[in-house]
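There are two complexes below, and they share chain A, which is joined by chain B in the first and by chain C in the second.
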Partner chain A sequence: MTTANEVLSSIQSALPGAVLDSRVESERRLWATIDPRKIVDVCKYMRDKLSFDHYSGTAGLDWIAKNEMEVVEIMASHGAHQVVAMLKVRTPRENPSVKSLTGLFWNANWYEREAWEMLGIKFEGHPGLYPLLLPDELVGSWPWRKDFKGYPDLTTGQRAVEIPTSDGYTRYMIPPTTMEIEAGTVPTERPKYPSLREREEMELKSDSEMIMHMGPQHAMVPGPFLLDVLVEGETVKKAFLDLGYIHKGIEKIMENRTWLQGITYTDRMCYVASLSNNECYCGAVEKILGLEVPERAQYIRVILEELSRIQSHLIGTGEFLTLIAGVGYAPWQYMIIDRERIISLIESVTGARLTHTFVRFGGVRNDLPEGFSEKCRSTLKYMESEINEFIELFEQDPIYHLRMDNVGIITPDDAKRMGVSGPPLRATGVAYDIRKEDPILLYPDLDFKVAVGTRGDCADRIDVRLKEMLESIHIIEQCLDRIPAGPIKTEAKIPKKIPAGEAYYRVEDPRGEMGMYVVSDGGDKPYRVKVRGPFYATFQTLPPLLEGVFIADVVAIAGSMDGCPSEADR
Partner chain B sequence: MVGIIESISSFASTEPAAFAFIISIIGVAIIAGVVNVGAMLVIWAERKVLGDFAARYGPNRVGGRWGVLQLGADAIKLFTKEDTIPYSADKAVYVWAPIVASMATMLVAAAIPFGALHINGRNYPLVVANMDISALYVEAALSIMAIGVFMAGYSSNNKYSMLGAFRGIARMIAYEVPMGVCVISVAIMAHSLNLVEIAEGQTLWYIFAQPLGFLIFFIALITDLGRIPFDQSEAEEEIISGYNTEYSGIRWGLLYFQEYNNMLLGSILLTVLFLGGWQGPIIPIPVLDIVSPLIWLLLKVIIVMWSLVWVRSALLRLRIDQVTDLGWKWMLPLSIVNLLWAVAIGSYFA
Partner chain C sequence: MGISDVIPIPAAVDEELEKWTIFGQPVADVWFTTTEKIHQIIEMGPIKNVFNWGRKNSVYFLMQPMGCCGVEMFVFGAAPYDSDRFGCIPRNTPRQTDVMIISGYITRKYLPVFKSLWDQMPEPKWVIAIGECAISGGPFYDSYNIIQNTGDYFPIDVFIPGCPPRPEQFLEGLMNLQEKIKQRKDRRGY
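Here is the complex of A and B:
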C-alpha cells in the first residue's frame, strides 16, 4: 500500500525541485505546493507512474492578503492506493495564469472553465475557455474573488457601493439612479469568445440537420440545464450542454455565513441527498478541528445516510423510468410510495423531510426517537421485499431490456478517464466506492459489498442502484444491532472561530463521489468552500455519450445518470 | 302521434331514397353524440383506472368523491382557453388538422355497429351505414386519422411536431398493413365484409379460431391509437407532445378527444371482429331482454379498454426503430401466416 510519504519522496526524487513545500497530513492525505512551471510534469508523472488516474477537480482560491491566487488540483487513484494528493500552484493576482491539465485529464475541462469564469484564472492550453455557469454578459466580473462587490448594473454599468448596517456586516447595493442612459454608451469590456448559439451553428453541415432543444424547458430534464442536440432525422450527431440555470452561488454564500450556518446551505445543494452533503461539510470542519465524533453519533449518521441513499436511489430510478414509460407507469408510483416510508422514517429523527440540517460538528443534532429501531427494522423488511420485486419485474420485462440493454455503454477505461463516479462508474465493473476506498465514520467496521455491473449500460446502472439499496439495508441492520448508548455530541467545545487550516473530505453520495475542500483563515466564516459534486463530473460525460444515438436514447442515457442539476450548479 | 307515424311511413314508401338520407343524417347526429359523450366517460374512466393501478385515487374533487364532473370542468377550461396559432404556422392546414382528424373518427363511427336491439327474437343492429364492405371501409377510414396527425405536425412549423408527425406516419404504415391483413383473415372466415354479419356469424369467437390474428390486431390497434408502448408520435419526455405541441384550447381538445373516440371505436371494432360482437345469452327480463345485446357489447368493450389502460400502466415505450422493426419483421409475416391459417380452416366456418 502506497502512503502519502512514499508518494512525496517518489515525486521529489523523480522531479527534483518541483515540490516547493509539502505537508503530509496523514497516510491518505498529501498537500504539496508545486512549481507552476512543472505542474504538468508532476501530474503526468503521478498519473503514469504513481497511478493517480482519478482527477477529482480544481479549486481556485483568492489570497487577497498575499496578493496571489492559488489553484489546488485534487487527485486520487481508482483503487491502486488510498492517497489523495492536493497539489497547489500559486500565481500572482494580476493576470493570474496557470498551465491547464486538460491534456492529461479529459475531465479537467469543466473544472478549469469554472475556475476561470469565477476567479479569472486563465488556464494556458485549455481548448475552450467559455463560460459554463455564468451567463455570457456577467463574465469578467470574477464573482468569487474576495474584492467582488456585486455585478454591475447591466444597463448603467454602475458598480455597487458599500452600505453599512447596524448588525456589523457590510452590504453592497447599486445606488438608485436618475441618469438617463443612451444605448451603447455603457463600456462593455468582456473577453471575446463565440456564444453557445454560434458554436452550435458552426457544427451545422447540411440542410437535413437541425438543432433541437432538450432543455432547460423540456419534459426530460430533472432540473433546468441546457441540452441542445444536433439531429439528422432521429439520430443525434452532436450534443451541447450548458449549466448555470439554477446556479445559486452556494460556495460564495458560505464564505459570508458563519461556520454553523453553512450546514443549512449544504442541504440546498441537492435536497435529495442532503444528509451526505451535511456529512461532507461537517466532516471537513471536524478534520480541521481534529474532533473525534462519539460512537453513537457515528452510528446515527451512518443509519441516516444509508436511509437517505435508499430514498435517493428510489426516486432516481423511478424518475428515470417515467422518462421512458410516461407518467402513467405504475412501478414509478410504487417507488414513490416506498420512498415516502423512508422519508417519514428520517423525518421522525430529523424533523424535516428533505432539508435536514441534522449533522453537526462533532455529532448530530438530536438522538433517535423512542421505538425507532423497531419501526426502522419493519420498514427495512418491507423495503427488501419491494426491491426484490422490482429486480424481478425488470428482469422479466422484455421491453425494459429492449430499451435499456446496450444503451449508453461506458467502458471502464472511459469511465475512469472521464471522472465518472458512483453508480454509473460501478455499472461498468469498477468497484470504486468511497466507503471502501477512503472510509469515514464506522464504514471500515461494517460488512457490505460494493455492487458492480458488467456492461456499463442503462440496465446496469439501474441494477447497481437496486443492489446498493439492498446493501444499504444490510448496513443499517448491522448498525441497529450494534448501536451503543452514549453521548451524541462531542464533549469538546466547538469554537466560534475555527483555527486556520484546510481539509479535503470525501463521502460516497448517492450519485457518486462528493468531496469538499474547506479552508479556514481563523475567522468565524469559512475562507473558501469548494464542492466537488458527483453529478458535475458525470454530467460532463453526457455530450460524448450522446453522439450517434437516437433521440429516445438521449432521454434514456441522460436519465440513467440520476441527474441533479441543482447539485451540479450549486 | 299515430298521424305522425303514418305520414312518416307513407313518406318512406313513396320516397325511399330521401327517407334513407334523412335517417342517415339523424343517425350520424346521434352517433356523434354517443361517441363524444362516450369518449368523455372513457377519459374519466381511464384516469380512475390508471390511478387505481398506481395506488392513487384519480380525480376525486369535482363532483363528489368519484370526481364525475372533472371532465365537464376540463371541457369548460378547454373551450375558454386562448386559441393560439403560431406566427409561422401554415394557418389553413393548422386550423383544418383537428377537424380532419375528428372527421375521420366520425367516418369510422358511421360504419361501426354499436350493438343491437333484441325485439321479438330478432336482432336489429344499431348501425348508421350498414354497408356490404364496412370492414374494408373502416380500415380505410382509420388511416385518414394519420393524415390529420401529419397535417397537425407539419403545419405547426415546430421541430418536435415535425418529428412527431414523421414518427406517426412511419408507425401507421408499418402497422396498418398487418391490421388490414387481420381484418381480411376475419372476413375470409366470416365469408363477409359486413361488420354486422361478421359479428352475428361467429359461432366460435374468432379470438379462439385465430388467436394469432387477435394478438396482432390488438397490438396494431394499440399502435393505431398511439398509446404506450407505441406513443412515439407524442412521446412527452422526448419531443414534448409531438404533433400537437403547438395546439391549445379547443383545437388541442379536438385532437385529444379524437384519441379517446378512437379508443372507444377501436375497442368496439375489436369486439365485433374477434369477441363475438354483441353475442351473449338473452336476459329473460322484460325490458332488459331488448337491450341485452347492448349490455354484452358494453361489457366486452369495457374489458378491452381496461386492458388497454393496464398495458399503459405496465409497459415502457419502445423506440421508433424498434417499433418499425417489430411491425415489418414480425407483425407482417405473422399476419400473413394467420391469413393462410384463416384460408385453410375458413371453409369449416361457412
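Here is the complex of A and C:
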C-alpha cells in the first residue's frame, strides 16, 4: 500500500525543486505546495506513475492578508491506493493566473471555470472560460473574493428593473448598489465571452439541424437546469448544459456564519441527502479539532446516514421511473409510500423530515428515542421485502428492458476519466466506494458488499441503487445489534473559535463521493468551505454522454444519474 | 340597434324586449355584446359562485421543484398525502395549470424564466409561496444572487411558512386558497 510519505518522496526525487513545502497529515493525506511552473509536470507524473487517476476538483482561496490567491488541486486514486494529495499553487492577487490541468484531466474543465468566475483566477490553457453558475451581470465582480462588496445584499429584488422584450418575454436588469459603485467593485470591463445561445448557434451547421430546449423547469428533477440538445431528425448531435438557476452562494454564506450555523446550510445543499452533508462538514471540523466521536454517537450517525441513503435512492429511482413515463408511474407511488416510512423513522430521531441539522461536532444532537430499535427492525423487514419486489418487478418488465438496456453506456475507463462517482461509476463495474476506500466512523468494522453492475447502462444504475439499499439495510441491522450504551457527545468542550488549520474529509453520499475542504484561520467563522459535490462531477459527463443518442433516451440517461441540481449549483 | 334588426321578429316584440333587463342591464345590450361585457355580467351575478366552485375544486398545480420544498411537493402530489382528494393534481407544463407553487429560492438567473412560466399559465391563475425562501429569501436572505421580495413580482395568495413546511401544511395552504377563491378574496379577484 502506498502511503503519503512514499508519494511525497517519489515526487521529490523525480522532480527536484517542485515541492516547495509539504505536510504529511496522516497515511492518507498529503498537503504540498507546488512550484506554479511545475504543477502540470507534477500532476502528469502523479497520474502516470503514481496512479492518481481520480481528479477530485479544485478549490480557490483568497488570502487577502497575504495578498495572494491559492488554488488547491485535489487528487486521489480509483482504488490503487488511498492517498489524497492536496496540491497548492500560489499566485499573486493582482492578475492571478495558474496553469490549467484540462490537458491532463478532462473533468478539470468545470472546476476551473467555477474558480475563474467566482475568484477571477485565470487558468492558462483552459479551452473555454465561460461563466457556469453566475448570471451575466455578476461576472467580473468575483463574488467569492474577500473584498467583494455585494455581500450582504438585501436589495437585489427591490433593484430589479423589469424590461419587457419585443418577443413577449420579461427581462430583468439589476443595477449595482451605491456601495458597490463607491467601492469600485462593479465590473466596468466585463470579460469577453460568447453567450450560451451564441455558442449553441455556432454549432448549427445546416438547415436540417435545430436546437431543442429541455428545461430549465422540469417536473421530475428536484431543481431547475437547462439542457439544450442540438438535434438532426431524432438524433442528438450535441448537448449543452447551463446551470446556476438555483445558485445560492452557499460557500460564500458559510464564510459569514458561525461554525455551528454552517451545519444548517449543509442541509440545504442537497436536501435528499442532508445527513451525509452534515457528516461531511462536521467530520472536517472534527478533523481540525482532533476530536474523537464517542462510539454510540458513531453508531447513531451510521444508522441515520444509511436510512438517509435508502430514502434518497427511493426518491431518486422513483423520479427516474416517472421520467420514462409509460414504465413507471406506479412504482413511483409505491416508492414514495415506502419512503414515508423511512422518513418517519428518521423524523422520530431528528425531529425533521428533510433538513435535520442533526450531526454535531463531536457527536449527535440527541439520543435515539425509546423503542427505536424495534420500530426500525420491523420497518427494515418490510423494506427488504418491498425492495426485493421492485427488483423482481423490473427484471420481469419487458418494456423497462427495452427502454433501459444498453442505453447510455459508460465504459469503466471513461467513467474514471470523467470523474464520475457513486452508483453511475459502480454500475460500470468499478467497485469504488468511499465507505471502503477512505472509511470513516465505524465502516471498517461493518460487513457489507459494494454493489457493482456489469454494463454501465441505465438499467445497471437502477440495479446498483436497489442492491445498495439492501446493503444499507444489512448495515443498519448490524448496527442495531451492536450499539453500545454511553455518551452521545464528546466530553471535550467545543470552542467557539476553531483553531487555525485545514482538513479535507470525504463521505459516500447517496450520489457518490462528497468531499469538503474546510479552512479555518482561527476565527469564529470558517475562512473557506469548498464543497466537492458528487452530482457536480456526474453532471459534467452528461453532454458527451448524450451525443448520438435518440431524443427519447435523453431523459432516460439524464434521469438515471439521479440528479440534484441544488447540490451542483450550491 | 334593436333585436328586430338582426332577427325577423315583429317590432312590437322588439319594443317589449327592450324593457327587459338582466341584472339591471338591458337584455339587448347583453345579446349584442362583447365577451368583456358578458364577463362583467357574470361578475355581478350569482353564477360566479358556481364558476368559482368549479375552479376551487380543480386547482391543478405546476410541478416545479426548486428546492427542499420541491421534494416535499413531490410527496404532497403522490400517494401518501394525496392532493387529488382536493382536486389538486400535479401537472408538468405551465399551460395546463391553475396554481403556481413557488417552492424555493428565486435567483437572479431564474427570475426571468420563472416570469415566463407564469405568463404561460392560462387565466384564472393563483400563486402559493411555500417555505421561507419563497417568502423572504429564507436562510439565504443576504446572498448576492437571491431575490427576497417575491411578493412584488407575483400576486401571492397564500404564504406557507416552514423550512421546509410539512406536506400537511401544504394541504392546509391549499384549503386556504380554495376558501379564498370561494369567497372571492384572492389577489387577482376571480
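Throughout what follows, the second predicted complex is superposed on the first by the 524 of 570 C-alpha atoms of A that agree within 3 Å, B and C clash if a C-alpha of one lies under 4 Å from a C-alpha of the other, contacts with A are read in each partner's own complex, and residues count from 1 in each chain.
Here, a residue touches a chain if its C-beta (ideal position, glycine included) is under 8 Å from a C-beta of that chain, and two chains touch if they have at least 3 such contacts.
The model shown is predicted, which means the values in this text are computed figures rather than measured ones.
Student: Looking at the overlay, does A:337 come into contact with chain B only (first), chain C only (second), both, or neither?
Tutor: In the superposition, A:337 touches chain B and chain C alike.
Student: Quick one: is A:51 in contact with chain B, with chain C, with both, or with neither? Answer first, second, both or neither.
Tutor: Neither partner.
Student: Give the label of whichever partner, chain B or chain C, reaches more residues of chain A.
Tutor: The larger set of chain A residues in touch belongs to C.
Student: Determine, under the contact definition given at the top, whether A:373 touches first (chain B), second (chain C), both, or neither.
Tutor: neither
Student: Tell me which partner A:264 touches in the superposition: chain B (first), chain C (second), both or neither.
Tutor: A:264 contacts chain C only, not chain B.
Student: With both complexes overlaid on chain A, does A:553 touch chain B (first), chain C (second), both or neither?
Tutor: Touch status of A:553: first partner only.
Student: Considering only touches as defined above, state whether A:329 meets chain B (first), chain C (second), both or neither.
Tutor: The answer is first: A:329 touches chain B but not chain C.
Student: Check the residue A:2 against both partner chains and state whether it touches chain B (first), chain C (second), both, or neither.
Tutor: It touches nothing on chain B or chain C.
Student: Looking at the overlay, does A:135 come into contact with chain B only (first), chain C only (second), both, or neither?
Tutor: In the superposed model, A:135 contacts chain C only, not chain B.
Student: Looking at chain A, which of its residues have contacts with both chain B and chain C?
Tutor: Common to the two interfaces on chain A: residues 219-220, 332-334, 337.
Student: Which stretch or stretches of chain A touch chain B in the complex?
Tutor: Checking each residue of chain A against chain B gives 210, 212, 218-220, 233-234, 321-330, 332-334, 337, 397, 399-400, 402-403, 550-555.
Student: Sort out for me which residues of chain C touch chain A in the complex.
Tutor: It comes out as residues 62-68, 70-72, 74-75, 78-80, 90, 92, 94, 104-105, 107-113, 115-117, 119, 139-150, 152-153, 163-164, 166.
Student: Any idea which chain A residues touch chain C in the complex?
Tutor: Going by the criterion above, the answer is residues 134-135, 137-138, 143, 148, 150-154, 156-158, 160, 168-172, 174, 216-217, 219-224, 244-250, 252-253, 256, 264-265, 268, 271-272, 315, 319, 332-334, 336-337, 339-340, 353-355, 566.
Student: Show me the residue ranges of chain B that touch chain A in the complex, using the header's touch definition.
Tutor: Residues in contact with chain A: 50, 53-56, 159-160, 163, 166, 228-229, 231-232, 235-240, 312-322.
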